[in-house]
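Here's the structure, in structure tokens; my notes come after.
Per-chain numbering from 1; labels A, B, C, D and E assigned in written order.
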Amino acid sequence: MKNLHKNYGELEVIKNFNMMISPNKIHCIFGPSGCGKTTFINIVASLIPADEGNIEGMQEKTVSYIFQEDRLLPWATVEENILFVLESRYDEKEAQQLADKYLSLVDLTNFKNAYPRELSGGMKQRTAIARAFAYEGDVLVMDEPFKGLHLELKKDLMEYIINYGYRENRFFLFITHDVDEALYIADHIHIFQGPPLSLKQEIIVDIPHEERRSQKEKLRQYKEILLQRSKE
Amino acid sequence: TETTAPETPEEPEIEEASETVEKGSMRVAALNGPTGMGMVGLMDSSESGEAGLDYEFTLMSSPDELVGKIINGEVDVAAVPTNLASVLYNRTEGQVQLAAVNTLGVLYVLEDGDTIHSVEDLKGKTVNISGKGATPDFAFQYILQQNQLEADKDVMLDFALQHADLAAAAVEGDVTIALLPQPHVTSALMRNQNLRIALDITAEWNKVTNNEGQLAMGAIIVQKEFAENNKALLDEFLKEYEASVNFVNQEMEAAAALIEKYGILPNAAIAKNAIPYSNIVYIDAQEAKSFVQEFYEVLFSFDPRSVGGQLADDGFYYEK
Amino acid sequence: MTDSITKNKRKSLNKIFIFIFWIAVWQGAYLVIQRDLYVPAPLDVFLRLKELVVLEVFWRSVAYSIYRVIAGLILSIVLGVVIGIISSLNDYVYDLINPLMAAIKSTPVLSFIIIALIWFSSSNVPIFICFLMCFPVIWTNVVAGIRNVDIKLLEMAKVYHVKKWLVLKKIYLPSIVPYFSAACITCLGLGWKVSVAAEVLSHPRNAIGSHLYSAKVYLDSSELFAWTLVVILLSILFENIFARLIEKSTMNKSAKAKI
Amino acid sequence: MTDSITKNKRKSLNKIFIFIFWIAVWQGAYLVIQRDLYVPAPLDVFLRLKELVVLEVFWRSVAYSIYRVIAGLILSIVLGVVIGIISSLNDYVYDLINPLMAAIKSTPVLSFIIIALIWFSSSNVPIFICFLMCFPVIWTNVVAGIRNVDIKLLEMAKVYHVKKWLVLKKIYLPSIVPYFSAACITCLGLGWKVSVAAEVLSHPRNAIGSHLYSAKVYLDSSELFAWTLVVILLSILFENIFARLIEKSTMNKSAKAKI
Amino acid sequence: MKNLHKNYGELEVIKNFNMMISPNKIHCIFGPSGCGKTTFINIVASLIPADEGNIEGMQEKTVSYIFQEDRLLPWATVEENILFVLESRYDEKEAQQLADKYLSLVDLTNFKNAYPRELSGGMKQRTAIARAFAYEGDVLVMDEPFKGLHLELKKDLMEYIINYGYRENRFFLFITHDVDEALYIADHIHIFQGPPLSLKQEIIVDIPHEERRSQKEKLRQYKEILLQRSKE
């Protein structure tokens, strides 16, 4: 990733930005509202073009993206919304299986025939999560994926990522504002500031996931650093 | 080109002053086209102040507007198609009267070629007519009937094209046989030398009707109330109108120029060519009564509604 | 269940009330204008209508006119949607087609009626003219609908490499439904109006327009109004059927249908 | 800056290309059809147009026809928006007005032309007829627009007790803009078409329709097409002016304008 | 609040629900996604009618509502969006002052002329917050108000509520999924479950706000209870 540059009119959101994202890791992006995080990951997911610079090694990768908004088709049911993105990649049976699997993961099997307007905010978000997970892209880009979810479900989903998603040779890039969330799941935490976007600090959390529950003290230290750095 | 003539020829103030006698006034309306052509002499004399009455002429292109004005009593005298006169009489419970017949046949069969010389020759051909259910339709069908030809069997009738379109199609040779009224006949003939008048419907009509029946295409009608209250004025008008008709038929050059001037037809050339074929006449109502009645009977036999549902009684014909 | 029955009952009562209301307005107009020849009495018109409906020619004319309107509308809708989609996908195509549409929309029928009459049979001319009238309406609304498609949804489809035709079917089509149905409702009325007007011009053998025309030239105003009423009723009928269809096809499909 | 200049240049080049393209299509049609009276050669028509534009009567007719179209459109727009808003606020009003609209939309002009000619002067009849044609189009789209207003925004306004007219101005009006502008674009074309057609029927003194009619009657097809071309050009001009206006008034106001 | 009852079609979201909300307090609602929280506060704010039952003592109160979605007018700038709700209640000058004040509170003064589509997710949320705060309703109803905001700003806003909003004799009702957030600000925490909605437990946090930072141990106990109860 080299020399990125992106303007919105007169606002330079990203200017000469360089960053390396190591594969097979869970990367967490941390930073104040409006600093350019969404813009950055949009460029990574080649959703919007950079004005200058380019992203390397992303060309042939498929991307699962959990958007900051839910972006569901209002005229399609929960299930149809998920099948919509699967149909072009998987055959019908596979698609249906994947949809069923991830619907039950986010606990929406009972609501699979509901339309978005009949769902609560959190349920819409869960549909969006199921859609992204079910697509099983090589890269999972997530923009505040767990907002509006209660703790239990959030934990289940994070466990799922760590236990299954992670192993399948994928890499994760996700934005959050929640320190605990980041420390629970991330291998790398990138603290951003901006605009223009710049990397303030990269924290590598080198505790294996299985041990994070037990190594509370060490985690607390990371938390201190994280809070400290993002406050400055 | 302007199609609508000035609605009221301006009467110069001086003229008014020089006239010591108070003139009676009358509102006259006509449509552009042949029915209005006979009126140009009168319009001219009215403009120069030589006319006996104070006329207010309205020339209209839209028959609907004319009908509306007659029903509303906004005009006293109007030149209209003959069958419309009867329709108006019946539909308004006798509000109008027929004062005179002013146009006889204006219908001709045009042919692109040289095969038709009599009605019998039409057998097996398709004739294009415009205006289904209008006078030309019925008159033509009647002629066919009297010549032992059955419409839509021996002779196919096609009503798709309106006058102007039919004329254009005839000029372009897309239609070989067309039944057209004046002045469309003239403008088509002027555009395509191959076209010729194959049949004169007026003549054919006269052949098949007894007692010298005439094909009365146009008439002058008058509001009954006006006729009753201003009999003298009306008679004066009819006299002057007759003179005007004679002027048009005799001095075609001058008349054609006036026709262009008042915008009844767009140019004098068409007008000059059209006048001889337009059968502009003046026949008093009483005199015309017999053949007009016969004409109505023919229409009635085809479709009673075309004369307004019933045949007009004697009260319809104005007596001088 | 019972709830919906009473609701239906109230609705149909409502319809009768509306019907009576407009008849009263008509009667009022008749009394004010006081000219049978312009505005005949409702009763006269209904009596005439009663006479007409027993005639075979009435039903034949109505059937043929319905056929013409439907043919014209279907042509307009199919081509309007297809060309609308094509021309909003590419700016160049749009720029090229736009003047053509402006021409089609604004060219008076008078100017080309002769070609139409010579090319098509007189029975088909109304179809053609109806098409020329309704097609640009559909096209304009389809283009407007596509321009207002939610870009966020398109971006989503792009990220997930959803196939073009699926995007068309699942994002574009549902988004243009409200625009499209507004256009259709407009066209259902316009279609009748222009078809009948074109029938007046081209005089096909079986046509409402032909009857209307002769009623007018013979100043038979009750018959004129009777036929006009037939046109209006058919148009309302069409609109209702269409509304039913749209409702069914978008039932539970769009938040708006329910509200 | 330079960027936008080259863009403009390319755009106008583009326009010339489009113009040439359609003229070529016309010339092609002329050559194929080979009937001067139906489709005259483009060159003849341009020559005739050149003769016409120097006449005073040309400009007078154009000016009066423009006046009629604008009057008809403004009437349609004002009443269409006002009645559209009123009738979508209340279901009963909607049910009551809907059949009237269906009637207006579908009633053939023929049925009331006599009364129209009597009530309005022949110069105003085209205004009236243009209104009858465009008004229901605007109304339908306004109603569709209002039905598609985001209920979430209305709820928000309700919670905050925002005044009715502010809700109208700030939520309803902007929401119906895309529907409204689609309707206007449709009407700008239709308006010209029906006004001119009505001018043919009512023959006002200064009117494009009157010229069109006499050109037709006297088989002067180059003049017929010259006038037709005038109508089309005026309609395109109107549409462009309108597009400019809408763009200006919604500049930065809606996400869609920019894309 | 008595015997509330609300159905969506066949789904009984709220059934015979009774609850007392004491005034002049900050009430926090806690509960899993889809349990009926939003439906409940919509009824409280009389945004949607209850099928049965009624809310007492809310009739004459003005309500500031931060919706779960931002609900901004897309065609109005940030400032216009805020003025939109103020204009009907305040005169022009007051409205402008309030708007300015709260824009600077949420740190959006620089973006007051931006349109929603030019904002990041968090910035939209901040606009919605500014709108609700500026309206200064007697009741402040908030549906996950701080989602998408970074920690700093979240804290500032919570402090603001505690220090100023709170004093002005108002009461607060807010939904969150974040335990720390709830414990930082709430006087009463209501743990809901559903559907149909029911009150699982009400926790009264009786530590004055000023002391919460210091009484970490006591807070931790509350947290334990909260986590425990919401897990069951």
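Quick note on the criterion: a contact is a pair of C-beta atoms (placed from the backbone, for glycine too) under 8 Å apart; a residue touches a chain by one contact, two chains touch by 3 or more.
These numbers were taken from a predicted model, which means no experiment stands behind them.
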Tell me which chains count as touching both subunit B and subunit D. C
If chain centres are mean C-alpha positions, then the most distant from subunit A is chain B
What chain pair has the highest count of contacting C-beta pairs? C-D
Interchain centroid distance [CA atoms averaged], subunit A/subunit E, Å: 26
Chain centre separation in whole Å, for subunit E relative to subunit B (CA means): 85
Hey, how far is the Cα centre of subunit A from the one of subunit B, in Å? 86
At what distance in angstrom does the C-alpha mean of subunit C lie from that of subunit B? 39
Send over the residues of subunit B in touch with two or more other chains. 67, 71, 165, 168, 174
By residue number and range, which residues of subunit E touch two or more other chains? 69
Send over the residues of subunit C in touch with two or more other chains. 37-38, 114, 118, 213, 255
Going by the touch rule stated at the top, which chains touch which? A-C, A-E, B-C, B-D, C-D, D-E
State the interface residues of subunit C toward subunit A in the complex, per the touch definition above. 152-153, 155-163, 166, 170-171, 174, 250, 252-255
In the complex with subunit D, residue positions of subunit E that touch it: 45, 47, 62-65, 67, 69, 71, 73-76, 84-85, 87-89, 115, 117, 135
Provide the residue numbers of subunit E that touch subunit A in the complex, in ascending order. 8, 31-34, 37-39, 68-69, 118-123, 125-126, 143-144, 147-154, 177-179, 227, 230-231
Please give the residue numbers of subunit C that touch subunit B in the complex, ascending. 35, 37-38, 113-114, 117-118, 121-122, 125, 201-203, 210, 213-214, 217-220
Can you check the complex and tell me which residues of subunit B touch subunit D? 1-4, 60-62, 64-65, 67-69, 71-72, 163-165, 167-168, 171-172, 174, 184, 187-188, 191, 266-267, 270
